[in-house]
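Structure, as structure tokens:
Order of writing sets the labels: A, B and C. Residues in every chain begin at 1.
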Amino acid sequence: MPFSSRIYIRRMGFSVVAALLGTLFALPLVWFFFAPFNARAELGLAIPAPFTFANFTTVFQNTFAMQALFNSLVQAFGGVVLVGAAATFAAYALSRSSIPGKSAVTYVLLLFSSVVSGSAAMVPIFLIVSAAGLIDTHLAVILVFAGGLLPTAMFILRDFIDAIPRSYEESAMVAGASPLQAFFDVALPVIRPGIVVVVVWAFVNIWGSFLIPFILLRSDSLMPASVAIYSFYSEAGTPIVTLLAAYSLIYSLPVIALYLFVNWKFGFRFFGGIKS
Amino acid sequence: MRRKMQSYLLSAAAVMALSGPAMATELNITCRCVVGGVNSGMAEWIETKVIPAFTAKMKAEGKDVTVKLNQFGGEDEQLTQQLALDFSTGAGPDVSGFDGFLIPSFVQGGLLKSLEEVAGADVNAWEGWSHISDGTKALMSYQGKPYGIALGTDARMIFVRKDLFQKAGLDAAAWQPKSWDELLDAARKIKAAAPDSFPLQLNAGVSMGEATTMQGYWMALLGTGEQVTDDAGKYIVSSQGILDTLKLYKTIYVDDKLGDQRAQLLADGRNRTFANFRDGKTAMLVEGDWFYRSVTKPGAEFEVADRDNVMTWKKMPAVQPGKGLRGQDFVTMSGGTGFVINPHTDAPKESWELLSFMNSQEQLTAFQEIQPAIRIRNDVAIPNSPFLTETAEALLPITTARPNDANYNKVSTEIQRMTESVVSGELSPEDAMAQYKAAVIAIVGEENTVSRL
Amino acid sequence: MKKFSLLSTRAGALFLAPATALVGVFVIIPFFWVIFVSFTNRTLLGRTALDPDFVGLQNYFALFNPATFFARGQFGFSLILTIQFVLLSALIGQALLGLILSWLSQTVSPSIKSFLQTTVIAAWILPEVVIGFAWFAFLDYDNGTLNMIMRGLGLPPGDWLLQQPFWVIVFFNTWRGAAFSMMLFNSAFQSIPPSYFQAADVAGATSWQKLRDIALPLIRGHVVTDLILITMWTFNVFTPFLLTNGGPSYRTELLSIYTYRIAFKDFEFGKGAAVGVVIMLINLAFALVYLRLAHKKPVEAE
């Protein structure tokens, strides 16, 4: 039938376009999957010949860089737990309570955070952390990230919670649940996909960030991988391509694993959108 | 901060055990050095020579001192950022690597104190001062007072690839340019013989930072008989010397295409100039002695194969013989990096002990075995390095240092910008100089500038 | 129905406490510090570090000084560059491309869909240092993957970072951030009842008609959320610095990079703070426009 074959051709067209776009997105990363296994990598793309794991062996022997991966985990984990928990409570309160002025709060904070995430605010942040005696601690990095990411996390989560019908909790409360029980037993499971999005977003942000840990930390033993990656520079100050690529791959694995896990377990879903 | 906490603990402990044994002091030292990475030799020296010998010496004197090296792997500029923030809040390492030209602006900002203010009269009694010339002492001084001690000094020159000269029928061994024309003449001949080559590279542009100002602009400007400031310390913002220097850049990169323009504009440009020299594309590269000592040495990333036969060096000529600064025929620049003491250190005496110990004859000699360089002490020899001995003898007598001024750093950025706008072909030398003039006046005020045109 | 609150004000305050403390200390205090310092000539080095003066609006006048405003390496140049960058890489690039990617994903087979989503999301989740380095290799003049492909297709290789640095960072930021918009639109489309589309299919509507007439009006709220966030993020994005250092000749010096240079290389906190405040005001203007647009047109389905 001409009608369905037209649809079929159209579908084919979409598939070709989608596959092409996917390939285009992958292109800049292709090099990055070859270079770590190459004995003598340059910036050019080359099939590893000879294929080698020697770069990884060298990287594993760099205790500073290995320690840094652990530090990244500590900082990202701490930051994510704090952002996830604080943002969930706050967004829920802003969505469900009658605190005056609550509708403007998330926008205003979002704008404030846009100033603070720029490098202009690194100085007051440094001074605050220094006055608190927290310079050169994991805690400083965790707290600063949590503060900086919270406004956006609250913004995303509030959109999400606003889209969930209030009747869920209302019926629970009619059945005699306290507001806290309604939150933990009824609302939280429904909000979970939103929290997952925020958690992944926050993790990715902390995992890759250079400036904040660089400003707040001093000891080698606390530096995260985003800083330690610069230890794979030669004496002349140029990147040692092979080691850098190998370390990059190891450094990227946790975020890839997190994404795959979340995608498999929860799927990526946002709800909401601003009500107009 | 950890130190602050430690000092609380210390005072608490002191109250409890007034007559107990002396408490351990922990000193932190930071430098832009990583074992196996950037400035590997320095990290190695501090870890394997300085620290063990120093703690042993302290122990012999009945003091329990431990020293911890923090290996900073970032860039010079980033270390400056950390130190500026740390010193402004009373934190930071006790002893830190430091580039001398930053001292004036740190001092004016209240971030550094002179060695004498920090550590007291011990400083003046140090035996080392008598082995350090006033010129090299000045590298880490401001208004006559030392704020730190330079580990050594350096000099700049033209590195030459003999093989490329040979291609053009020139004998590099016998050649020493006596004017810019001779320099350009050789470059043009090489370009004609090897059209793909970049015969002459003189640093320019923003992304190279201070390397542009030191290895590029200054090396040309001195040859016109001028400096960045005049004798009264005012910044020269318009002059024939600046114009001639910019025209030299224009000839090299825009008109005659003798140099690799991309290397001056792209973010990783300096490495490209190294690679070009290694790969036999650049015949003449103006660089510091570090280029020989570290960048091209055997085993390094930019190792020049068969270096002893292929590579040599020449003095940078003035525009015409006798037209250089102080009427010189040849010119060069020197700078120095060394170590300073944190003004807020909890252990000023021990920090000074460490700093002076590092600069003792014995320790600097030990450093020479790891990485030979021109050291500041006249009782530390340069072993087994004809290159360094020769350059030190030929260049140090004619060298110049940067002005000891808090605004120099910012003006230097404007110099880099001025050279970039000429090298990219965006502005004429005249327009670039006008832009420079406006920018420098905005930084230092018109009363601190001089126009000679 | 009148909405009554599910949480009492007191319980609400308790829920808000942790976020308030963190945001108060690490966002609100620094925010007011920045505002305050923008009216002083405070620096970290030099005389004004010890003894800063209150200079009123002088930093702002200096930023908008017409004599230097448009020159490269000055505020005005960066401002105009950044606005172009936001329009091209955030609005057209990330939002529109994200919408297209998401819409395509709804119609193609599951295997192609997961391939597309994976590559797009990979660009978004990988650490920025890694991404910066991968792109550096991708664009390398002599051996880079892109020029290898160009040569393979018989096209002349391009000196991308030197000749087209602005377009490089536009494409880079589009590539880097499209995933967020795509994911947000994915869930937006999934929230539309399938019966709406089935009715349109019966009527023989094209994909474009379905998107324009059914989907877009329903997801307007998501579009506004997306635009507000990606505009703000793009204004602040620093990753292009890893590729270009802001050069050559300041041609890719976005405001975020300009601020970094002023505040952290020249250590002029007063001026750097003033730039931060101006960026916030522009973000505010963009957000108001988006919200206004969202409210303007009648909403077809509630």
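As a working rule, a residue touches a chain if its C-beta (ideal position, glycine included) is under 8 Å from a C-beta of that chain, and two chains touch if they have at least 3 such contacts.
From a predicted model like this one, the values you see are computed outputs, not experimental measurements.
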- Query: What chain pair has the highest count of contacting C-beta pairs?
  - Reply: A-C
- Task: Taking each chain's centre as the mean of its C-alpha atoms, give the chain farthest from chain C.
- Result: B
- Query: Rounded to the nearest whole Å, what is the centre-to-centre distance of chain A and chain C, using the mean of the C-alpha atoms as each centre?
  - Reply: 15
- Taking each chain's centre as the mean of its CA atoms, how far is chain A from chain B in angstrom? 40
- Message: By the touch rule stated above, which residues of chain B touch at least two different other chains?
- Response: 81, 85, 268
- Check: chain C positions touching at least 2 other chains come out as 44, 136, 264
- Message: If I count partner chains per residue in chain A, which residues reach a count of at least 2?
- Response: 123, 127
- In their shared complex, chain C is touched by residues of chain A numbered 3, 10-11, 14-15, 17-19, 21-23, 25-32, 35, 42-45, 82, 85-87, 89-90, 92-94, 96-99, 107, 109-125, 127-128, 143-144, 146-148, 150-152, 154-156, 159, 163, 166, 169-170, 173, 179-180, 182-183, 197, 200, 204, 207-211, 225-226, 229, 239, 241, 244-245, 248, 251-252, 255-256, 258-259, 268-276
- Which of the residues in chain B end up touching chain C in this complex? 77, 81, 84-85, 88, 102, 105-106, 108-111, 205-207, 262, 265-268, 406-407, 409-410, 413, 417, 420-421, 424, 426, 435, 438
- Item | Touching residues (chain side chain B, partner chain A) in the complex | 1-2, 4-5, 30, 34, 37-40, 70-71, 73-75, 78, 81-82, 85-86, 89, 91-93, 268, 270-271, 274, 294-295, 300-302
- Item | Residue ranges of chain C in contact with chain B within the complex | 43-47, 49-50, 67-68, 71, 73, 136, 141, 159, 161-162, 243-245, 247-250, 264-267
- chain A to chain B touching residues, read off their complex: 64, 123, 126-127, 130-131, 133-136, 214-215, 218-220, 227-228, 230-238, 240
